[in-house]
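Notes to accompany the following structure.
Labels run A, B and C following the written order; every chain starts at residue 1.
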Amino acid sequence: MHSKRLFSRIAVASVAALILAGCSSSNDEASSSGVPDVPMMNSLGAGEGQVNVVAWAGYVENGSTDPNVDWVTGFEKETGCKVNVKNGATSDDMVALMKTGEYDVVSASGDASLRLIYGGDVAPVNTELIPNYADIFDNLKLQQWNSVDGVAYGVPHGRGANLLAYRTDIVKPAPTSWGAVFDVNSPYKGKITAYDSPIYIADAALYLMKTQPDLGITYPYALDQKQFDAAVELLKAQKPLIGEYWGDYLKHVASLKSGGTVLGTTWQVNINLAKGEGTKVEGIKPTEGSTGWSDTWMISSKAKNPNCAYLWMNHIASPEANAGVAEWFGEAPSNAKSCDLTADKNHCATFHAADDAYWDDVYYWNTPTEACLDGRTDATCVPYAEWVKAWSSLRNS
Amino acid sequence: MSGSTIVSIRSLKRSFGDVRAVDGIDLDITEGEFLTLLGPSGSGKTTVLRMIAGFEKPDSGTITLAGKDVSQLPPYERDVNTVFQDYALFPHMDVLANIEYGLRVKGFAKQECRSRALTALKQIRLEGYENRKPAQLSGGQRQRVALARALVNQPAVLLLDEPLGALDLKLREQMQIELKALQREVGITFVFVTHDQEEALSMSDRIAVFNHGKIEQIGTPREIYENPKSEFVSEFVGQTNRIEYDGKKINIRPEFVTISRASSTGGRSVQGTLRDAIFVGASTRYLFDTSIGFPMISTQSNNQLKVGDVVTLSWQEEKEFLVQQ
Amino acid sequence: MLQEISNTMHKKPKLRLVALLTAPILWLVVAYLGALATLLVAAFFTIDSFTGNVIQTFNLGNFHDMFTDAAYKNVVLRTVGIALLVTVVCTVLAIPMAFYMAKIAKPRSQKILVALILTPLWASYLVKIYAWRTMLEPGNGVLDWLLGPLGFSSPGFGGPAIIIGLSYLWLPYMILPIYAGLERLPNNLLDASGDLGAHNWHTFRRIVLPLIFPSLVAGSMFTFSLSLGDYITATIIGGKLQMLGNVVYQNFSINLPFAATIATIPVTIMAIYLWMVRRTGALASL
């Protein structure tokens, strides 16, 4: 009996200690702009021998997927920095991974980058330590999603649009509008897919922006409550049409191939992969335009391998690597010199790398905040946390 | 004992793999008798019992119960009940529920089940134990509950599979008496399996001695004991002196061999030298080397003999018996 | 040296007890209770809606959200329903299989059958579920190919698929305890019941079922709790249907405190389940 009491006392004490330990870690102190004060790297030292990368699938290829697709091995040989890559499935995934402090760099999309900056998870980037930064298209530098107060927080990587995929042998006639995935009478009911992330609400908002002008949506990431509710309603109506929401791109590609999915939102890289397996599938940017991404390589504020991280950011922004990624992933490169190095000489033309007009109706992923991102001051917008809740609620209803 | 035949077994056979457990048995069981199936383990007696109960199906042959061929019927369609070796009481039910089980299954009204079970409980002198679980009873009590559980159904035949095997000697002897008395009281046919010859002799109306899947002999205990028809029976049921006397092979039970200090008195007698004496309580077993060359045993009440003493062993001729080789 | 230690140990039974139990108790307290406590505490935190950083101030907002949004009530009911159905399916399939193994099969085939039941546990969970994905694929899956000629079709991805998948995965966890329970059940109890006039079904209901009830409970604790916490099967063959585990998985990267709040639901359900099981008294005879 005695020892039993002794052990239960130990148990209670240990739990209490754990709880106290959990509570005592303090928050980062913030500077006046609301951005935590994270020091910038001043000079480059020797490489640490490795770099831990969080990236979208297809951004870091070392020849293991396709022997001809490799922009990592050369870098590893040249710098002695071994590249360890962890693919993130969604922006939320990436934010969570970066918060662990285990990773040095991340290819963050616009709906992740600001959260990382304001969360103190990434450090400002000293662009002088990155020679290739000079060749990046100017209209990608120091944008809303990759800088604060004129301070760069990363190196632009590339951009692309979320496309509407359809099986050319099944979906006839070929769709031209996002209406195809919202049509409640669609003959493809049950075989339509959508991207499994809160940010997909913006796709609905974009469609409403073009089809229901009364709502007054001007930017899919700046939705007041009424506009937001309308977008969520549209998604609720869409749900019966959906066979599967996709988060895992490999499963998504498999579904396209098997015919389980015949229509829905996708990335160019998925189309490429599916075609590579003989699937009759195409991806288009519909008439309404589309959501998209403009990704940024960022460095962790807790980077354990900062030198290799800078070397990597310089390498991935180089014309060769940038051309490789852009062509493999199916996006527009960020380095102006990349266009001369792509295998397909028309790549930059196809992906409208320098065609500013093409990007006019591509709305890069962004993080919604209470202050409306479209500049409205008379309205309060629904912040991302609410998007998350609405998405979770939609998925579980 | 002069009743009609209640169970009739003809050419019954059953093998387990290569082992012929029951190898052609014919047996008639008379209504109201206490019949014991006696034999060493593996002799087929339990298999016969299990075939009567319906737990095993015969390979061939028939079992007729009250004029009806039941050979292929499942246990629950036979009007017999079994008392198992280790009682097989249902551990999750109390004593009353165990006893009521058979009646409830047969769809008797709750009230009737209850009153019949309580009567049975009284019969086995376990009033007040109705709400105990089997685990809370002693071996003897469990034994009695098992008995009551079977008897309450008033079966045509009660089968008992070595029911006293797990009890200690004293309790066993007491239960032997109780069981016999109970059988007389209820008048139900008992078929009792045991390997204990004393038990068989003391309780049975008739005994069937089993060996290697066959019945060696069937008869009253006295017939079996005093006139065993085979060497096996004579050996298995009690001890036997097997000697050659006057050029004839004869058998004589040790208790019929008397010891006297006097020299030969004529009749059947030999000279014996005491080799060993084994004290077994009420009597002593004396082991002699004899003048005719065969060792002999005499079981007598205690005698003042010492090893090496020379005595005369004698017996009456009518106590001798012959056996088939 | 070793001799000395064991001598000291022998003389001091308390020291012996401490030496024996320190590691497991530490494990239990730190890894298990500690994790549970952290979970419970985190459930009352909140996050900065923009950066996603956890703010460690006590509030009930997460619980408020959880209880007011009908979606979460639905997902709880759905998950519990699936877990119960999986348990029922496993029980219905496991009892005859275990009965055959324990009471009918010959000793040699008994061993082979146990080995066969155990083999699927060696294969990766993911491999098995992806295999079911291929089987269930609507239109060109194995199931459609098999059932199509008979006029049936694959249930496709969704609730039925999850129930099939999970039942398949957890079946061994139900069979083995029932098998062990039936092994312990003396054959002559079945004989006795039949002898007393009970048909097989009656014997099963009145004798077998009550006596293997503790085994059923043990098995159901596996099938129910494993189903309750599963999210991978739902992700792969659940179509757009989600279970509680998916909500936790979805939220833990975005909103850890809310994920923790959701995670208290299965913990609570399991606690209630165990409490109910305790009241039946089945735990005592395990």
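For this structure, a couple of remarks:
One rule holds in what follows: a residue touches a chain if its C-beta (ideal position, glycine included) is under 8 Å from a C-beta of that chain, and two chains touch if they have at least 3 such contacts.
Worth saying up front: this structure is predicted, and the values here are computed from it rather than measured.
Looking at A-C and B-C side by side, the one with more C-beta contacts is A-C. Seen from the C-alpha centroid of subunit B, the farthest chain centroid is that of A.
If you average the Cα atoms of subunit A and of subunit B, the two centres end up 88 Å apart. A separation of 36 Å divides the Cα centre of subunit A from that of subunit C.
Centre-to-centre spacing of subunit B and subunit C amounts to 53 Å, using the average Cα coordinate of each chain.
Counting only residues that touch two or more partner chains, subunit C has none. Of all the residues in subunit A, the ones that touch subunit C in their complex are 3, 7, 10-11, 14-15, 18-19, 22-23, 25, 27-28, 90, 92-93, 95-97, 99, 114-116, 118-121, 190, 198, 239, 242-245, 248, 251, 258-260, 367, 369-370, 383-386, 388-389, 392-397. Within the complex formed with subunit A, the subunit C residues making contact are 14, 17-18, 21, 25-26, 28-30, 33-34, 37-38, 41-42, 47-53, 55-56, 65, 69-72, 74-75, 137-140, 156-157, 235-236, 239-240, 242, 246-247, 250-255, 258. Residues of subunit C that touch subunit B in their complex: 186, 188-189, 191-199, 202, 206-207, 210-211. Per the touch definition, subunit B reaches subunit C in the complex via residues 53-55, 74-76, 80-82, 84-86, 88-92, 101-102, 105-106, 149-150, 153.
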